[in-house]
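I have placed the structure first, in the form of structure tokens, so that the comments after it can refer back to it.
We just call them A, B, C, D and E in the order they show up, numbering each chain from 1.
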Amino acid sequence: MTSLEQSSLDQTSGGRAAGEQREGLRPVPYRGGGFRPVPIRLIGPFVFLAIVALWEAGSRSGVISNLVLPAPSEAFEAFSYLVESGQLWRHLSASLQRLVIGWTLGTALGITVGLAIGLFSLARAGLLPLVSALFPIPKIALLPLFVIWFGIGEGSKVATILFGTFFPTVIATYGGVDNVDRTLVRMGQSFGLSWRSIVRKIILPGAMPAILSGCRISASIGIILLVAAEMIGAEYGVGAYILMAGSLFATDQLLAGVAILSMLGLIVSWLIGRLERWLLAWRG
Amino acid sequence: MTSLEQSSLDQTSGGRAAGEQREGLRPVPYRGGGFRPVPIRLIGPFVFLAIVALWEAGSRSGVISNLVLPAPSEAFEAFSYLVESGQLWRHLSASLQRLVIGWTLGTALGITVGLAIGLFSLARAGLLPLVSALFPIPKIALLPLFVIWFGIGEGSKVATILFGTFFPTVIATYGGVDNVDRTLVRMGQSFGLSWRSIVRKIILPGAMPAILSGCRISASIGIILLVAAEMIGAEYGVGAYILMAGSLFATDQLLAGVAILSMLGLIVSWLIGRLERWLLAWRG
Amino acid sequence: AADKITVGALRFTSHAPSFIAFERGYFAEEGLDVTFEYFQAAQPMAVAIASGDVDFGITAISGGLINLAEKGAIKVVGGGLQEEPGVDGQMILVSKAAYDAGVTSPAQLKGKSFGITQTGSSFHYIAHKIADKEGFDRSELTLRPLQKVGAIIGALKTGQIDAWAIVPHIAKPLAEGPEIEAIGMVADYIPAYQVTTVFTSTANTVDKPDLVKRFLAAFSKGAADFNAALIDKTTTEEEAEALVQLLHKYVNNDEPYEKAAPSIRSGAMRINEGAKLNMASIADQLAWFQSEKLVPATVTMELLVDPSFVETD
Amino acid sequence: MDLLLRGITHRYGATEVLNGIDLTVSEGEIVCIIGPSGCGKSTLLRFIGGLERPDEGEVLLSGEVPAGSLNPLTYVFQDFALLPWRSVEANVSLVLEDHPLSAAERETIVADVLERTGLSDFRKALPRQLSGGMKQRVAIARALSVRPAVMLMDEPLSALDSQTRELLMDDLVALWQRERFTACYVTHNLAEAVRLGHRIVVLSRRPGRIRTVVEIDRDLGAREAGDPKLDAVQRELWQLLRDEARAADREIADDVA
Amino acid sequence: MDLLLRGITHRYGATEVLNGIDLTVSEGEIVCIIGPSGCGKSTLLRFIGGLERPDEGEVLLSGEVPAGSLNPLTYVFQDFALLPWRSVEANVSLVLEDHPLSAAERETIVADVLERTGLSDFRKALPRQLSGGMKQRVAIARALSVRPAVMLMDEPLSALDSQTRELLMDDLVALWQRERFTACYVTHNLAEAVRLGHRIVVLSRRPGRIRTVVEIDRDLGAREAGDPKLDAVQRELWQLLRDEARAADREIADDVA
């Protein structure tokens, strides 16, 4: 046995063979890499611009008939007119107000009910089947009843968005509560923390990632439902604008409206991303 | 130091104190339990029945006006009429056909595109922004264009469902591919498995749980979109039935239709549950 | 103080009397403080009256409206638009493809497809009346519910449906285009067709008959102005122009005036003087709805109409 | 304060997990509990801490709770059980917040325990920024902050790599020499048991019974790696456990696991 | 077949991970690589297996690949890397499926390696039904099935509890005595290194440099727990590593971890 002292004289040597001459040396074959898509800058915007350019060219040359699809420039013109005439703000503010109120109420109620289902056996047994049965009901189907229940004013519009955002929030919240690491809860109990403390300091922050991703989903559902909500007696609103454009078959306005919704979706998703980065900074 | 031999004579003794008499003995306080809702049998059906019974009583006594909500028995009568007249099957088969074709195509395309986005940098950079931008567009907004693009026959209905199911499937699939444990992929590479083998034997089964939960979501979206899809020129179909009931303000038929969709959702979700149990049996 | 009322409106010329009555102060003269509630479609307006959100509405008689009347929620109280020989009324349109294939008159519509918005809409009724008069079975005309006027236009332009019928201010520009041809008039199939009616909640007819009377009075003045300027053309051109300008505030206001004015003018149809109601036409429509099982057989004219407010014939 | 276990027997469904456990933990001693996988060590510790109740038998306390002890029976968990969204100091202060202490008192206690565990430089760090060893030190600091009468430690070092484990064992010995805490220390690792235990309780395979109790009366501070007597005890323990460990290893979990 | 590393240096972004590593692994020997956390041991092993390429330096093979070796450089991973959806035998056969073997040949190889690792009774079991020790045995059987020239083992026992670790060390020694496999064995655990290594390469903290290489020429089969010479080597290695291990432990991960 070579003692440690002996070999430690030889501190820089990598063992007996380093430096030695050998025949038949060949590098090990490389077989790693891949399966990890890396971001390629500018491809995204490039593809987007290319599609728009091709589409514009197709429209101008008549390959794409105006009936099938208006040129992007026409949609942009419709959008510009909206901006210039100040109508954009009118539509947008009406829609945003509905969205904010409906989404806030739906989310707040959804988190409350979701927490109850996540924490109490009775709430889970009684409410979960109801939630599962009501969740998949299409909201447009209920519009005629919503008019009777909530009137044709803001009530029914807000209610549509509220109903649409309530159910996914419930499901995300109780799923989040279920997934909170139970050893953390046991830890809290073992230190004699009160029930309230455990819920407030362990369960809620632990379920927060799931709740926020539920918010992301419910926000996009809310935006999608703007169109359905504004089917009933809405004069202003992006959804109402799209419906009007659709019923007049003004496809340029229709596309402009759809683009506004799409941008609204991106902005809301960005905002929730900020919120996530702030509330979930601990995830690093 | 007591040697091992010594103490092992005393094999059943729990140490010096067991059995000893002590004063001031008290049990340790119990502080565990809870935070784990347990299923309570029969509460779910009971709550459901109670709601229906209350509602029926309310309708009969006139507390709930017929205008606000028809009695459950009326909705059930409308449903019975559908069954007896054989219309149910006509509506259901029309809808199911659209659902199956649209969902199958949308899911197949979605899995393909999702895999491409999950595996190739170029596909990810080029397609992902497009998918993110198009996903939140409400399908009802595009109906007028769908009519032009796909006609008012089965084309536009299938296309609506296809578009609705395509995007969530893409997102679920590429998310699933991203979440496949990379050490498994490295393992495959380290054993010299071919690219095809790695995709087929490691990536795909690894992404399967995510793909199936995507299917669950896309199936309920497909069912919800039946109403929107059947807005255009559909004579039969559950969605068309609901729309007709809505336009005639025949709320009993409306509720019957909504209940049919709800049950359809439960059945599809049960089927996917079976599929999951079969394909994901390895999760135990 | 003036009574506050809400009037449901579509941004169509058929609602012109309300707009005129509002702009020219006829409502105010009757002591009515009117606010308009705008709708995209007629059916929700009927529901809104039932729910009490709106006091008065003007729209075609639809299945939804009758069903709400059957639930005791609303009543027809007056007449609106009516088909009349000599005045351009609703037109029957076919796609170019169908026209070229020989559908040059409504008689050839047998076996063709016909666009409607929804089951139980006025389009549905018109289609069946055409089939009845031309003597083929109603089921020989394939109905295509497309929800929205825009969708029907798109489908007709691309030849996906063969035929449709619509009010002139929409029909005329379409027929001038290359994709669509006009082949007949609805008036030839449904004489004295009471296209739209004025209706209100049952509660109003019972509790506030006076309010209903005052509304109808103001509405009638507006209708008289409208008919004089655009139908009978008994006014000066300046006055007609002023009226069109007034209406442009409400109708087609997203288009520049120059573009909107001709379509407002060409779309004008007679509004019943004094909101007179053609009971025979309404009875015929009700009978049709019942024959198609779209409304319960128990609905009677008494449930649907309160004829005590206007002249009937 | 002493801890007495009397005739603890427990079943989960059809499987008997523990059978007739009698044991005493006296003040100031560290009792190590070893046994093969699944023999019920963690279950036993949960009974001792009052987080679960045994089917039969009782866990009793005798003697006065030391003055100032906020939480007499305090756990240290294998996976640290730190709240990832709280900094080191907030994780410690969490367990003080439900007690009637002023903010200043709390602050003093937190500063004190962080000082004693060498964590003062890490006050503001989040758990994810720390190595496993530091995380477990935070958990120990948190346990110390409530001045426990008995520490219940469930494999506190198993989640750490072997070098960190060595470092933490040294820390625990130093801590015991200063504070003379009482502990129930569950472990798989015989070297740990021999290094830290005043008494070592050997459990049999499921259903866990006490097979033997080994007393090692050499002072913790005097135990050195390579001590032939300790090595001998460790080897004998391994002889005792080897077959059962192998049997536990070769067990197939049934499908409803 | 021998393995030669020449001047391996690597950087991830701004951090230098490895610096000038020269090393040879000769046929039939087990080279253990030890070092504090984060010193680049796993990275080095990835370079050796061709899964990643170093910024500088090269990894070379010399001599003939043994006849019948399907995958000369074969890994055994810390977390087993078994496909959870495949049974034990299917996990082994996975790595044979891409080679031109008949089904019967494949079946023979699978049966043979399962027999040699004592897994024949577990052929149809799914990974989730197995204990950690059995999972790692499956991974070793899988590695053996491709007749590797060199086994690259990255902390193969760290995920196991200490009793299972003992059992598996015994198994590995027995296996080496039968098969005389060549291996690069990365570990944190000095006891493991002293038990299994013919040579032990000690790396410094990041950037990893070779600090020393210790040769232990006692036969693996003759190494017993409690052997004073081995204990002495282990203690000296610990002296060498302790301060660096402590420093590595006290490192705060920066926020962008």
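The rule we apply is simple: a contact is a pair of C-beta atoms (placed from the backbone, for glycine too) under 8 Å apart; a residue touches a chain by one contact, two chains touch by 3 or more.
All of these numbers come straight from a predicted model, not from anything done at the bench.
Colleague: What chains do chain B and chain D have as common neighbours?
Modeller: Looking at chain D and chain B together, the chains touching each of them are A, E.
Colleague: Show me the overlap between the contact partners of chain A and those of chain C.
Modeller: B
Colleague: Counting C-beta pairs in contact, which chain pair has more, A-E or B-E?
Modeller: If we tally the C-beta pairs in contact for A-E and B-E, the bigger total goes to A-E.
Colleague: Between chain D and chain E, two touching copies, which fits better, same or different residues at the interface, with half of the numbers shared as the threshold?
Modeller: same
Colleague: Taking each chain's centre as the mean of its CA atoms, how far is chain C from chain D in angstrom?
Modeller: 83
Colleague: Return the distance between the CA-based centres of chain A and chain D, expressed in whole Å.
Modeller: Here chain A and chain D have centroids separated by 43 Å.
Colleague: Starting from the mean Cα coordinates of chain D and chain E, work out the distance between those two points in Å.
Modeller: From the centre of chain D to the centre of chain E is 31 Å.
Colleague: For chain B, which residues are shared contacts with two or more other chains?
Modeller: Touching at least two other chains: 31-32, 67, 143-144, 148, 186, 189-190, 192, 243, 246, 249, 284.
Colleague: Pull out every residue in chain C that's touching 2 or more other chains.
Modeller: 43, 47, 50-51, 64, 148, 150-151, 154, 158
Colleague: Specify, in ascending order, the residues of chain E that touch 2 or more different other chains.
Modeller: 49, 51, 73, 128-129, 232, 255, 257
Colleague: If you go through all the chains, which pairs of them touch?
Modeller: Those chain pairs satisfying the definition are A-B, A-C, A-D, A-E, B-C, B-D, B-E, D-E.
Colleague: Across the complex, what residues on chain D touch chain E?
Modeller: On the chain D side, the touching residues are 36-37, 122, 125, 128-131, 133-134, 158, 161-164, 166-167, 187-192, 225-226, 228, 231-232, 234-235, 238, 241-242, 245-246, 248-255, 257.
Colleague: Tell me, which parts of chain A touch chain B in their complex?
Modeller: Listed in rising order, the residues are 31-32, 34-41, 43-48, 51, 67-69, 117-130, 132-138, 140-145, 148-149, 182, 185-186, 189-190, 192, 195, 198, 203, 220, 223-228, 239, 242-243, 246, 249, 251, 254, 257-258, 261-262, 265-266.
Colleague: Chain A touches which residues of chain E in the complex?
Modeller: Touch residues, chain E against chain A: 2-6, 21-24, 26, 31, 46, 48-53, 58-64, 73, 199, 201, 210-218, 229, 232-233, 236-237, 255-257.
Colleague: Going by the contact rule set out above, which residues of chain C touch chain B in the complex?
Modeller: Touching chain B: residues 43, 46-47, 50-51, 62-64, 67-68, 71, 73, 118-121, 142-148, 150-151, 154-155, 158, 160-161, 294-295 of chain C.
Colleague: For chain C, which residues are in contact with chain A within the complex?
Modeller: Residues 37-40, 43-44, 47-48, 50-54, 64, 148-151, 153-154, 157-158, 254 of chain C touch chain A in their complex.
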